[in-house]
Each structure stands twice: as structure tokens, then as C-alpha cells.
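Look for chain A in each of the two complexes below; its partner is chain B in the first and chain C in the second.
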Partner chain A sequence: MITMIVRRLLTALPTIAASTALLFFSVTVILGSPAGMMLGQDASPQAIAALNEKYGFDRPALVQYGAWVANAFQGDLGRSFTTQQSVSRAITDCIPVTIELTLWSILLAASAAIVLNTIPVFKRTLTGATTLANLIGITVPNFMLGISLIFLFSVWLGWLPSNGWAPWSDGAGEHLRRMIMPVLTLSAYYFGAFSIVYRAEYRDVAQRMFIQVALAKGLSEWKVAFKHALPNAVLPVITFVGISMGQLTGGAVVTETVFSMPGTGRLFVSAISGHDFPVVLAVGMLVVTGVIVMNLLADIAYTIANPQIRFD
Partner chain B sequence: MSSSPIAGNDSLVAVRDLAVRFATPAGPVLAVDGVSFDIMRGETLALVGESGSGKSTAALALMGMAGLSGKAAIEGRIALRLKKGNECDVNRLSARDLRQVRGNEIAMIFQEPMSSLNPVYTVASQIVEAITEHTKTTSAAAHARALELLHMMGIPNPAKCMISYPHQLSGGMRQRVMIAVALSCEPSLLVADEPTTALDVTIQAQIIALLKRVQTRTGMAILFITHNLGLAAEIADRAMVMYAGRMVEQGAVAEVFRNPRMPYTQVLLRSLPRLGRPREPGQKLEAIPGNVPSALKRPSGCAFHPRCTFMVQGQCDEHAPVIESCGPGHAVACLRWREIAAGRAA
Partner chain C sequence: MRNLKSIVGLTLVAAFVVLAAFAPALAPYDPLRSSVNMVDSPSFSHWFGTDELGRDILSRVIYGARTSLIIGFGAATCAMLIGVPIGMMAGYLRGGFDLVAVPLIDLFIALPGLVLALIITVMVGPSLMNLVLVLGFVMWPTIARLVRGQTLAVRETLYIEAARAVGGTPGWIIRRHVWPNIMRVVAAQFAISVSAAIFTSASLSFLGLGIPPPTPDWGGLVRVGFDFLSLNPLMSLGPGAAVTFTVMGFYLAGSSVE
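Then we have the complex of A and B:
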């Protein structure tokens, strides 16, 4: 198992290298001269040349990429063109916010989807209501849901502060209080999606013979549902959780924007609109790494959930 | 309980006028229609019939599990003598009391040993679970009991089997494990729903031998559901033949197989290939013409009449036969059984 994980991580390296190369060259081709971009349309040729020299934009693209990779290995991802801040610093500031938002949301969405769709009584009486809630979660856009929540909990009821985020240093209570609405907003879609995947699998599992055998042993409906059906129906949700978490390392742009949270999503969007090439590249690399790592974690979780599945 | 069908005799189970009706999108389906039978303590009753004859549904009804796969209305009386000596009507038990019957009083093994075990749990945990559900015992004692059961099932390396997952076992081993699960609480009745159908013939013989051995040891009764008449003859004391949800013949195995009274039983027996009775050149094995009727469109009168060579217009297709005695402990549901037995029927 350990050797397998190491091997998987090693094979992930070329993937990361290839995708950063692709990102690097496509960004340089699409954005054109960074110096022209940074100085604006009226810049003098001398100023552009000076800037090119300063950042090395006049070197061949391959040389630039090589230099970027060499620096990246030392933890230096360059400086932001717009803020002059260290990119590594900017990213390490954003990541905890995004990861925390992602973890809470996916955890809430997955556990709610699994538990609500397993409870026997709910399955009999509330299937219609759960399906409706799933559809609402999937179809209602995040920004609308976020704004509605602000309207309900901040404006009408006055229970929660509307302006998003507070760091842990402000106190855990303050931090978590401001986490509630973003987490609810982001988890709504995933709750719907996980539910649909889980319900379909659960329906199949419930038809399998060992469920009837479990009932014939005299086990209660709850025990049969949670102990025998759930572990067999949960696999597709694990895959989906892995994919979703990987994608969300790039940030939940809309949710972060609505609640003004300093996460990677907002960093990424402002970098794209500001043609801030080093930041775009760094966040891109982060997403690729996130997807690979999360898929690996999902595969490991798979082998724990189902002993029939083994790394080969 | 004064009129109890099992008071004062040696019956373990007495089923009276059992009917199971499923509501399906295509209309109501009468899967089991007015079936009555007894199972004596320690005996083996073979329930014989083709697929769709209602034999599995009737057996599931004994555990209150006939209605699980859909909306079902279950009528009739299923008197069961409990281990403690008192009796109950399975059809009128609360969900909680039913769970005390399942696995504890009546246990069941199924056709597909491949899918009968939960793939995510070890053999040990699936046996221990059945034990701890019905008996107050320590985990260590339950494990010891599980090991003993596996040993009793003739599993070569019980300790290794305990920590195995189902996918690591062969079909025959899995069925042995299933039997161990079923026997874990020493039920007084084992319902075996085609337990050897999915197995190789050699393994089949081993499992049958195992069931017989266990029965001798524990004295439990077995309801053996099968479409295989040879198997029924081998294992059972009595046989009961079902067709289209109704019981058409029952009696001691030797009697039913030697002197079948119902034309359906007769033709079923003739459609069996026999060793040591070579066929004449050109002689074909007899097949029953037609198909088992759909439960949605059951033929009027005797349900077998469209396929029966003794059918008489205006009689068999209009009047449903009642079950009548045709010998000691032998009963048949056929309007013309007397004529047929006397050889007067064409």
C-alpha cells in the first residue's frame, strides 16, 4: 500500500510538470507581452524594453519556463505583477481559507446526502422532499442562494453577520459564525449532486441478496440500512468527493466573492483579469496538484470502504 | 388460541389458507393462493415447483418477509411453535417480535451464495452479528461459537475462513458460511431456498450431505425449496408440489413420487432423465407443453388445465379443484384424479 502511494505520487510529478508547461506556454501565447500589458497601451518602447529586461520577458519562452520551474522548486513562485507581493506568500495566505471552506462544505454535503438517503423512515416518507431539496441545491445558482441567505439571516433575522470572513485569531466563535453561510451556500450544490449519485447506488444495493439475508437474521431496518447497505452504496460518493475537493482547491469563486472571503478563487479571478501571469500560473499548478492528491486520497478511501478493491 | 392448528400435535409450523397478493402496476397478482400445510418437528418438507409457482413467496411469508419487495397483502394464518414452547401467528406479529423470529426461530439460506454475503465484512463478523443479535453473549464467546460452527460445516481451515472476506471464498465455501450463519442461533426451522442451484454438482452433493448431517445433530426441521425433483426425493420426508400459487399435491416423498396423482406431478416426473433406464432410440424426454401461466392471467378453473392432457372442457376450465385426500397422508387437487388413477381417463 505504502509503495503504491509513493509510486502514484511519483507518476503524478510528470502530470504536474506537463500541465504547468501547458499552462505556462498557453498563458504566454494568449496574454502576449506582459510588459505591454502591465504598462498599458501608451507605454513608450523604452519603458517596455526596460521592464522586459528587468523580468526577463525578452528571453525565449523555454528559458523563461526553465527559470520558473527552477525557482518553483525553491519555493519561489515569483512576484505578482500587480501587487509586487510574493506569489508563494499570497497563495499560502489564501489556501487555509479555501481549504477550510471546502472541507466544511463537502463534509456537510456528503454526510447530509448519505444520512438523509439512508434513514429508512425518511426513504419511505420524505423521498419527494429530499429530491426537491436536491434539485434546488443543484439548480439554484450559488450567488442567488448566498444572497438569499444573507437576506434571511443577516437582514431579516439579524442572527449572522453579513460580511463574510474573520480569521481564527479573532476567536473561534467569531470565525465559525461567519463560516456558516458560506458553507451552507457552497454545500447546497454538492448535497444535491451527492444525493443523486448515492440514491441511485443505494437503490441497486437494496436489491442485492445480502440485504435480504441481513433482514432474515433479524436485524432492524436501521441496522440493515446503515451497517449493510450504506458501506456498499458509498463508493461513488467517495469518488465524487475526491473530484470535488480537487476542483475546489482552485477556490469557490462565487461563494468567496459573495461573502468577501480571501480565498484562492478570488485571487485567481483577480489575477486573470489583471493579467497577473505568475499568480495565474501558481493557482493553476495548485489546482492540478489538488486534483491529483484528492484523487489519490479517494482511491485510498475506496480500499478502506471496500475490501474487494485493492491497489494492484 | 383454542382453535390453534398446532395445539396438541407435533407440528412446528401450521400454515392455513395463506394468500399473498402483490399490488403491481399491471394489476394485483395473487402469488400464493390459499395454501395450507404443516411442517413437523425435525422433518424435511420439500416445496417443489417451477419458477413463478409462488414457492419462494410462501416460504418468505413464514418469516414475515413476503412483503419486503413490494406492497403485499398477506392473509391466512401461520402458526409457529416457538422454542420456549408457546406459539404465535407470524402473520400478526409486530415488527419487533418478527425480528425475534427471524434468524432465531426460523433461519433462511438462499440460492445465490455469491451475493448472500456482504462483500465489505469478514465471515467472522457476519456470523457473530447473527449470534449477538439474538443472544446475550460476549464478543469472545460469539467468536468461539462462530469458529465452532465453521468447523462443523466441514470448512478445512476455519480460523483462516473467519478472517476472510466473501470474495476470497469459493461458491461452496460461501454456502457453508451461509449455513453457519443460519444455524448460529439454533433455529427450529431452516428454510433453504434452492441452496444448491448455483453450485457444481459435486459441491451440491456435499451441501446436501452437510444439511442432513446438521439436521440429525440439531433436530431442526427443513423446508427445502427446489425445482429439482431428484434432490427433493433425496433429502425430503414429505413433498409438496405447487403450481401457479396453489398447492396441487402433497404427501410422503415415496408416495408422491411412486404414485403421483396430479397430472402435473406425473408429467414433471416423466420429464426427468433417469440413469439406468436407457431411452429407446428416437424416444425423446417428455416436456410439458406450454409455459407456466403469468400470475396476472391465471387460467380459470384448474390453473394447469391449458397444459393438461386429461383436461375436459366445461369441467377443468370452470371448476377449481379442492384439495382432497387420495391416500394416507397424500392429498391432491385435481377434479379427475380418481379416473386418472384408475386408468379410465384418456
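Then we have the complex of A and C:
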């Protein structure tokens, strides 16, 4: 167990280093100096040179990367080109919003996917509805779902506020009320994916002998489904939940934009359209590191949950 | 169930292909011609209303099918051209190539495609051609992983062993024996890739990094229409439904095969 964790850590670290370096070089080298882009096309060469010197863009890429990493380890991710605000500050402000949104969504999606797909294999009536729900989760883009919800609940029925986000300090009621539609939107996206994975595994498990035996000896279908089949089919969902948690910003980009939530996804989108590279770089690194770390944790959780699997 | 899936899927695909092919005949107006009737509500002359420049939204949605299908088919083809050879080589040759390819594929699959596409698109600039290439590049690992898995299964069969025994070279075996046996699954994956590409490109344009205006493009139409949601919901939900049904069509067509 320990050997496996150490070995996985040893492979994860170079992957993080390699992919962050790749990200850094593609953002800085391929684009050339960001100074030209910041000052616009009519900027004088002197102004560009001055800016290059100020931010250190005239140094070799490898030196810039080294400096960036060294600073990053001290919690300094540079300053935003557009707002001049500290990037680490911006990210620490945004990340709780994204984490909360993602946690609620994944919790809702995973429990719905597991429960809905556990019932219908025995109770056929629900299968059609669940299949349709899966299909909607996979194929309806987040922005379409979000806008439809806003139209239905805000514009038409007037039950919920259409956008924005309220901090907990505005009261838990207000906070949660504004969370409903974003969470529904984002969880649909995860629900479809979890459902497919779980359903495939569940079908396999349901065919196995011990399930047949449990049914044959007269246990109720519900008991067999939830106490015998479910625990044996839930493992792949654990891995998938892990991966989805790692994607955090990646999953929430569209949802946060639709509902104007101040999370890392929207921070990323506005940085992208404003060519604000320190922010793009920082959020990009966050995504890459998150994905790799969560994959690692998912593997570890998987091994603990299923003793048959050993990675050594 | 499977039958129903493929019927619904193929019908939707056919409908949107017809829409794209005969856009000039089907669209009631020129999608680029503006008028003084700005942000009109749906009416008999403009079924979906008009946009902020007075252009007919229905016509723009119909023409948008062209943009989406070009991106969908183009990106899926690109992804296949990269993913299929890599997957077959990794699966058939194994060894060093496989050892390098698999972690690379896994890393790319784990990264959120939309974030990757956003970063690359902002670097190369949004245009039809670039979007096709970017999405192809983002999607190839999924195909490579599937093809590798399929190849691994085929590789162990007796007829491959026989082909090897009579002296077939790897290249010949891959072309003559492996490829025909995995073609069906790859074709299904092609349809699913088309749906994924349309989905992602619509999200990109919704976020403001799609085909530059004035070309009609569904994600961009939703983005503009969203600002006018309380005035005319069809302005955003109309093109949004077009994206949804196209994605659904290709997804159903692809997933009913396996």
C-alpha cells in the first residue's frame, strides 16, 4: 500500500512538472512577448521594450519559468495585467465559490445517478425515464440548460433570482437560493457521465451468481439492489468523482459564466478574453495540478475500497 | 430500445444535414442582412424574431447548421487521423511506443477539454480552420484509447496469430486484419466525436471564443440572445435547441451501434 502510494507520487510529480512547463512555454513562447498584445498594435518599440523589462519578458523562457515556479512556491503568482491585483489573491477569493458549486453538484449528481440507476434494473418502469435523464445530462450543453432554467424559474415564474451569487454573510437562505439553479445545471453535466459509468458496472454485477442466489433465496429486490449490488458496482464512480473534482474549474466554466458567479471558471474566461496571461497561467496550472492530484487520490481510494487491486 | 435510439438519432442527423445543405432555399431571409426591425419578438414574418442588428434569427440558425457541421465533421476527422494510427500502433506493437503513448493519452483525457480548447484557441486565434484543428487535437486521445483497447482484443485472436505465422509484417496485419475488425466501433466513435466537437465549439463560442462575427454560429447566437432573454426567449433558446438536437442526434446515432 505505502509502496504503491510512494510510486504513484513519484510518477505524479514529474507529470505535474512537465505539464506545467508545457503550459508555461506555450503561453509565453508561442505568443511571444505579451507586451505587444497588452499595449496594442500601435505601441512604439521603446514602450514594448520598457514593459518587457519591467515584467522580465526579455529574459530566456527557461529563466522565466524558473522564476515563476520559485515565486509560485512562495505563494506569489504575479500580478494581473488588467487589474494589477495579485493573482494569488484573486484565486483565493474565487476558489471557494467554485469548490462549493462543484461539491454540491457532484454530491447531487452522484447520489442521483447511483439511486436512479439502482432502482430501475429491477423496476422496469423507471428505466425509460432514467435513460432520458442520462441522455439530457450528456447532450444538453450547460449554457442551454442554465438559460432554460433562468427562463423558467426567473423570467417566467419569478421564483428565483436570475443571477449573481450571495456570500454566506448575506444569510444562508439567500446564499442557498442563488445556488439552486447553478447546482442543478452543473450536476446535470456530471449526472450523465456518472450514470453511464455506474450503469455499465451495475449491469455486470447484476448478472453475477451471488445476486441470483440472493434473489433465489427470497430476499426482496430492493434489498438485493441496494445492499448487495450497489456496493459492488459503486467503485468506478469513486474514480470518476475523483477525476471530476480535479477538473473543478474546467467543469464550472460555462455554469459560472451563465450565472455570473465570481468563481475561478469565470475568472479564467475573463482572463482568456483579456489576454491576461498571469491569470490564465495560474488557473491553468491549478487545473493541471488538480487533475493529477485528484487522479492520484482516486487511485488510492480505489485501492482501499477494493483490496483485490494492487498496483505493485 | 437500441432501434429507437438509432432511428431518432439518424432522423435528427439527417434533418440537420438537409438544413445545412439547403440553407439558401430553406432560410426565409439573408442571414447577414440587417434591417431597422431590431430585437423584434417572434411573428409570422420572423418566426424566431430578429436580433440586435435586425437580422432574421431563424435564418441565422439555419445557416448556423453549416458552421456547426463543418466544425463537427472536420474536428472529428482530424481527431481520427491522429488517434486511430496512434491507438492501433500502441495496441498492436505494445512495447516502448505503448509505454509512452498510454500516460500521454491518460493525461490528455483527464484534462478538461474545454479549458484546453480555450487556452489553445486564444493562442492561435479563433477561425473556422483553427477551431477544427484545436478540437481535433483536444479529442484525439479519447479515440486513441478506444482504438488501442479494441486492437489489444483483436491482437490475441487466432487469425492474427495465423497471419503472423505466415510471415505478415505488422503494417500489413494492421491494415488487412486489425483495421477491418475495429472499423465498426471506430465509425460509431466518429459520430460521437462529431457530437462532442459541436458541443465544445458551441461552448467556446458561448464564452466568446468562437467563429468571429458576422458568420452565424449557434453558440455565438445564444451568447447574444441571452442578454435579451426576458424580451425574446427564442433568441437564445432557439439556437440553443439547435445545438442540443444536433449533439443528441450524433450521440444517439453513434451510441446505438456499439
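For this structure, a couple of remarks:
By definition in this document, the second predicted complex is superposed on the first by the 285 of 312 C-alpha atoms of A that agree within 3 Å, B and C clash if a C-alpha of one lies under 4 Å from a C-alpha of the other, contacts with A are read in each partner's own complex, and residues count from 1 in each chain.
In this text, a residue touches a chain if its C-beta (ideal position, glycine included) is under 8 Å from a C-beta of that chain, and two chains touch if they have at least 3 such contacts.
Here the structure is a predicted model, which is why all the values come from computation and not from measurement.
Contacts of A:A305 after superposition on the shared chain: chain B is touched, whereas chain C is not. In the superposition on chain A, A:L23 makes contact with chain C only, while chain B stays out of contact range.
Of the two partner chains placed by the overlay, only chain C lies in contact with A:V140; chain B stays clear of it. Counting residues of chain A touched by each partner, chain B versus chain C, the larger count belongs to C. In the superposition on chain A, A:P231 makes contact with chain B only, while chain C stays out of contact range. In the superposition on chain A, no contact is made by A:S111 with either chain B or chain C.
Contacts of A:I292 after superposition on the shared chain: chain C is touched, whereas chain B is not. In the superposition on chain A, contact of A:L219 is made with chain B only, not with chain C. Contact with chain B, but none with chain C, is seen for A:F210 once the two complexes are overlaid on the shared chain. Shared contact residues of chain A, touching chain B in one structure and chain C in the other, are absent. By the touch rule above, chain A contacts chain B in their complex via residues 208-210, 212-221, 228, 231-232, 305-308. Looking at the complex, you find that chain B touches chain A at residues 63, 65, 68, 95, 99-104, 107-108, 110, 112, 115-120, 129-130, 133-134, 165, 167, 178, 181.
Chain contact summary for the complex, chain C toward chain A: residues 1, 103, 107, 110-115, 118-120, 122-123, 195, 199, 202-203, 206-209, 219, 222, 226, 229-230, 233, 236-237, 240-241, 243-244, 247-248, 251-252. Within the complex, the chain A residues that touch chain C are 11, 15, 19, 23, 26-27, 30-31, 131, 135, 138-144, 147-148, 150-151, 155, 243, 246-247, 249-251, 253-254, 257-258, 268-269, 272-273, 275, 280, 284, 287-288, 291-292, 295.
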